[in-house]
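As written, the chain order gives the labels A, B, C, D and E, with residue 1 at the start of each chain.
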Amino acid sequence: MLREILRRPEAWIGGGLLLILLLVAACAPLLAPGDPLAIVGRPLIRPFANADFPLGTDRLGRDLLAGLIHGARASAAVGLAAAAVAMLLGATVGSAAGFAGGWIDEAMMRVVEAFQIVPGFLLALAFVSALGPSLWTVVLAIALGAWTGPARLVRSRVLSLREADFVAAARVMGMRSGEIALRLVMPLALPPVLAISATIVAGAVLTEAALSFLGLGDPNAVTWGRMIAEGRNQLRSAAYLSMIPGAALALTVVAVYLLGEAVTEVLARKRRA
Amino acid sequence: AAGGRLVVAADSEPRQLNPAIVASNGVFFIASKIVEPLAEASFEAGGLRPLLATSWEGSEDGLAVTFRLREGVLWHDGKPFTSADVAFSALEVWKPLQNIGRSLFANLEDVETPDDQTAVFRFSKPTPLQLVANALPVVSAVLPKHVYEGTEIAANPANAALIGTGPFVWGEHKPGEYYLLRRNAAYWAPDQPKIDELVYRVLPDRAAAANSLEAGEIQLAAFSAVPLTDLERVSEVPGLEVVTKGYEALTYQLTVEINHRNAHLKHLKVRQAIAHAIDRKFVLDAIFLGYAAEATGPVPANDPTFYTPEVELYPHDVEKARALLDEAGYPAGADGTRFKLRLLPAPYFNETRQFGDYLRQALAAVGIDAVIVANDSAGHQKAVYTDHEFDLAVAPTVFRADPAISTTILVRSGVPAGTPFSNQGGYENPELDALIDEALITLDSGKRVDLYKRFQKLVTEDLPLINVADWSFTSVASDRLRGLASNPRWAVSNWADLEQEA
Amino acid sequence: MSLLEVEGLTKRYAHSDARGGAKALDGVSLSIAAGETLGLVGPSGCGKSTLARVLLRLTEPEAGAIRFEGRDWLALKGGGLRRARGAMQMVFQDPSTAFHPRATVSGALAEALRLHEIAPRRAWPEQIAVRLAQVGLDPDLAARPLAALSGGQRQRVAIARAIAPKPRLIVLDEAVSALDASVRGKVLELLARLQREMGLSYLFIGHDLAVVRAISHRIAVMEAGRIVETGPAEDIAKAPKGALLRRLIAASPRLRPWEDTP
Amino acid sequence: MRPLAGFLLRRLIGGVPALLIVAVGVFLLLDRAGGDAVDAWLVSIGGGDARMAAALRAEYGLDQSVFSRLTFMLGRLVQGDFGWSFALNRPIGPAIMERLPNTLQLMGAATGISFLIGSALGLIAGRRPGSWTDRLLSGGSLLLYSVPSFWLGLALSVIFAVRLRWFPVSGIETIASGKTGLDRAADVAWHLVLPVAALGMIYLALFLRVMRSGMVEAWGQDYALAARARGVPDRRVALNHAARNALVPLVTMLGLQAGAMLGGSVVIESVFGIPGFGRLAQEAVAGRDAPLLLAVVLVSALMVTLANILTDLAYGALDPRVGSGGRDAA
Amino acid sequence: MTAPLFLCRGLTATYPNAARPALKGVALEMAPGERLALIGESGSGKSTLARILAGLPPEGLRVEGEILRPGGEMRLGRDVGYVFQDPGGSLDPLLSIGGHFIETLRSHLPLSRREALARAAGLLAKVRIPDPEAALRSWPHRFSGGQRQRIAIALAMAPGPRLLVADEATSALDALVQAEIVALLRGLGEGEGLGLLFVTHDMGLAAGLADRIAVLHEGRLVEIGPARRVIEDPQDPHTRRLLAAHLDLDSPRLVGEAP
């Protein structure tokens, strides 16, 4: 399976880019030691003008490269954490609803529906504004708008898998419902969620950026969205301030999608075979 | 020249537009064109230009102020303006309702109207004429009695469709889009106003304001609506000019508020260390790009009356700051950190937020680990001014021509919790309190000024708060506009003399 | 005394897509003796699979009684039911969906051994080899994933799994329909052999009368949720009573059609 | 069309519990926030005093318990009354009705245009997967899909509004222009070009991708092979079968995306200064104006529900298996 | 004798990445109007051969050897009709039955929509779909499996092909329906000179339907001959195995007397 995925060029490009990103994120303290928010140079040094600050400095004289590197960390962390929370929540609710059926299912799906009909970004906006911006509220806010997809997907998978012959076979064999759920159904209900996880991660990264753009990012952390937002007022005079993190953001999202696409494609092919 | 339409950027839509009820720059920016005060600030000696009042005079005992009112002034609905309107506004609006007037006119007992052109304000305690005069541009917007009398004033429909005596008449408001004001043909000053239509385009986004100016969609952006970083570029755009004058009486102060309940911040040495940790020059250059001045104390240097440079100064000195902290009993730990603080930058301005970012770094340099807590306006108001859930806060306080109006309250003890822009850091200094109280009833201007000079010295010595910079705003305008920045409160004045060349 | 005694089973699906709430089972009664195969034939949708599912307690009937091994089978619940299940097993039509998609041969069989505590864990490999041999499979296949087996091989594994808990009755729902003719023959032979060796009873469900006849002692004909005809397999083809059976007989292809010219 | 009306009614009533959950959730959320409407108001007027604040709290009923405020508000909502906005100092209903059209125009135009172009391009790309055109379109769409819309909006605005001056920088129409009828519509359309482009581009990319993969999927289905076996030319198979079947997931996607689109328009409204729902929501949150926020969220939710119902109807029209019952010719 | 419909020699076909060819050196010909059954175990290459002969080779399949069509070009759809195994999958669920016919007919014949529908109604009547007019306005999901297969057959027959290829066209259906479809196929060709290539693994079906039977084993054509001869006197062991495995109502039963 992994080999099949790796055979695809999308996987190579996307995976490669992501690997670099994650390496950079993991090694951020080594690559750019110290606080990335520290004021280290003259404000607004242009990129490639000063060897100490290859990508230049921002309005307060903070190193853009350091920001970019540490921003990778925060963006990756927020993206992954939000996606993880969303998927965990979605998978839990979805499978609980799917297995329980009856009024529990009905009630849970009402909640899912409630979250689905509220524009996720509006919800995130209200959530972060109300509880104050910190990485955790941002993560939760994003997850809150993203968990319904996985929930519905898992539920429908559980519902159809529940009727599968092999589940009937296991029941006939005398297997307990709990074991059927955990050992037989869940391992098959979850992979499609993993497949859409790429979309969720990418969406989370973009949502974080948009929240930061509206001034709702964690003020103590550098994220790319914050860098874009701060550079926004200098868009005309120092476009690089938002161009560079913007490009990094877009590239990351492209990479996530490419990898996700490769995985989805291989999974779909598997299913067809 | 032809009047034409002038389109101006507005960054917000005040929900209460009546300047007699809400004395704030956001309201004045629009409402001052329609509803006029008794007097306006001026660059001339004395600092005041008569508007609805032509003269004012205080009694010896400080218990009365007599205003002579302008003749031949008509309300926008055609009724004549009289002293009854002034008396009504003062007693029914400014004193009970207005955010600033409530304290200023607390001792106002009565307003006598011996004739249509005379209004005598009677106070129960001596009230310095200097203070009253300095406050006039801010607190004295006059409302038409015949419209408001007998109604619930705060809910009167005329608060939305203002009726005043000013050079412009209320047109319409399309929420989220614009306000439209029209020329008042019956304005009392001859040949004024010179603009036919004044449109406030609602543009909450600062980048959009700059772009709209450049695209020629608007002709004026006041109150630094154009980001400072864009000013240099915009100043080179043909047809646009950057104006830095016209805000002299609207000085904003970048202030670090201190919660004196915090055990560390109780130490004067710690406060001094913080003051020394701040590189004011950097703040001016990087954050204000030069459009500000170093602050020395609670009164800005551009105030012609009260300012004194003879105060305790805190030059940028990291070593000294560290030494002070050591002395105060806070040696640096293994990781270089001495203690932690919560830092709450006010969210109202880019500059306060950026300064928050800077302050965090400046404090880190001396071993104080400040964690920024970001709140929106309401959250900030509650956290700082009601719940006192802060250690340091960054505030854009305003100096309104007289320390008694909105400055002394920042350090006076005994202000009830929940009062915004007041001393909520729990600072108590009986000496300072006594001084403040004395100045409030000192009638002699010279003595009053001396008291406030001493006030500045005391504040800088004991540091109940730290003044970092005084900044005023900039305007970017089409170079076809004449009469820009004609007074020190220009953006919030009535613009009767503003002219647009064809 | 019969092994299985079914009396008046009725089952209605809530929103049947085909016959809008019609009864999938409409008072079905039948019995199967120990060591006997009952064949069940009928057109598509007549309720054969529903009957199988009800017998195996995969779905609950609205009415009717089932006695199995002398007990009230429908009264069993929870743990009791789970323990009793070993006695009645099932083989499904499609051998590719009857196993977990990631199961291996040994894994699938080990499951059966574990659930019914047939042998201690260390004896499993040996047990598995024995079972595979029993259904005519090379024990070397044990390590393979089921996906890597042919349809016939998979169906043999399914049978091995079904006989692991030593059942008394196996319900075979179209168990050979998906296999091609030559494989089908071998699987049928296997079933017949296992019946002889283990004294099993079968409920053999199919739509191909020739196949059902070959493996069954008795045949029941089902139509629209009812058993319309029952009789010994040997002569059911010779003396059909109902119209449905007659049509089934006519529909059954002959290898030498030229021999029965009218 | 009695069954249709019944269907709509059932769907709308079915949405009531969800709306209730939303209402209570949002209310409690805003209640948890630091500061209340009076705090927000005090800040906005640049000062005041504690006594005034207390009086205002009493006037707004903010001194009452959460529960009583909530029940009061819900009770009013049931009567179809959104109530009074603290932040705007005016009734909420008209305020909503002022902003809603702007957002709907923005969203509608963005959806419509991106749907048309996206599905057309997806059809082209999906007809020959792996071809040069496909690669170009897929790659391009991926890139577009990955660019934050607010960033795209900024860039478009700088290039086309400020530099080239082809389009206005911001706003929904020329202010106080006095235009009416077609003139006004043209004016609004002209103002919407850039925001719609910024908002729609992402969805164009999305629709392109969904359409393309739908085409590829449909292409591999038996009915496509069967159509080719009947000698139907490839071009017809692509249009008649693959495209038609690919539209089904696309339409489903459209419904699912309605909420995301409304959310996305918040940022775009902010970039282009469009007085729409997004800005109203921001104002409501900033003003701690629970009734207003609730109204915005509920109306958005209603819009999304309506969009979902519409897509369900479209889905039913597209796919005869849905809604028309069992096989009656069997 | 008229020229054969097709004639192939040395036909070898290999799937990409396959270890061994799916077809090896197959030689086969069919006369117009002939009914040929292609029989063999699962995986023996029946479908592969059928699709090559129909002119619809699976994607990526490498075909060697020669195929001649002396009786004239055999255009897919026009001259060769193809019926698939799965009666559900081969109809587009979103297209009405009439739509299917219009699309197919107008791809080959200069007909208006109205003419196409008229002709379609006739074809549906021929495959005994009740109320053809209504059926044309309906959708595939409203028909049972057997009916869908009839419709698929009518569709394949619509342009008037000379050869109909049916790949296990009945194996997904129950016995009763299967018999009906077989009867239908048998009746269709009668007197119209329609060739039928019938793929099955059921000897009984082959015997009842075909003039000749061809037996495939692991990609090789191991035996071909008149149906009766192949059944009565099989030459190849694989054929004998297939015959032995066949069950019909006369076959010996596998179980003894009831216990």
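Observations, loosely collected:
One rule holds in what follows: a contact is a pair of C-beta atoms (placed from the backbone, for glycine too) under 8 Å apart; a residue touches a chain by one contact, two chains touch by 3 or more.
Source: prediction; values computed, not measured.
Distance between Cα centroids is largest for the pairing of subunit E with B. When the interfaces B-D and A-C are ranked by C-beta pairs in contact, the top one is B-D. A straight line joining the Cα centres of subunit A and subunit D is 22 Å long.
The distance from the centre of subunit C to the centre of subunit E, with each centre set as the mean of the Cα atoms, comes to 31 Å. Subunit B and subunit C, compared by their mean Cα positions, are separated by 89 Å. Note: centroid distance subunit D to subunit E, computed from Cα atoms, is 51 Å. Of all residues in subunit A, those touching 2 or more other chains are 129, 132, 232, 235-236, listed in ascending order. Counting only residues that touch two or more partner chains, subunit C has none. In subunit B, the residues that reach two or more other chains under the touch definition are 207, 211, 375-376, 379. Residue ranges of subunit B in contact with subunit D, taken from their complex: 7, 12, 14-16, 22-27, 99-100, 102-103, 160, 171-172, 174-178, 180, 197, 199, 201-205, 207-208, 211-212, 214-217, 348, 375-383, 386-387, 398, 406, 415-422.
Of all the residues in subunit A, the ones that touch subunit B in their complex are 35, 37-39, 43-44, 59-61, 129, 132-133, 215, 218-220, 232-238.
Residues 54, 56, 75-78, 81-82, 84, 86, 89-96, 99, 103-104, 107-108, 130-131, 134-135, 138-139, 141-144, 147, 152, 155-156, 158-159 of subunit E touch subunit D in their complex. Here subunit E touches subunit C in the complex through residues 41-43, 145, 173-180, 182, 201-205, 207-208, 228, 231-232, 241-255, 257-259, going by the rule given at the top. Contact residues on subunit D toward subunit B in their complex (touch as defined above): 33-37, 39-54, 86-90, 95, 98-99, 102, 154, 157-158, 161-162, 165, 168-173, 175-176, 270-273, 275-276, 279-280, 285-288.
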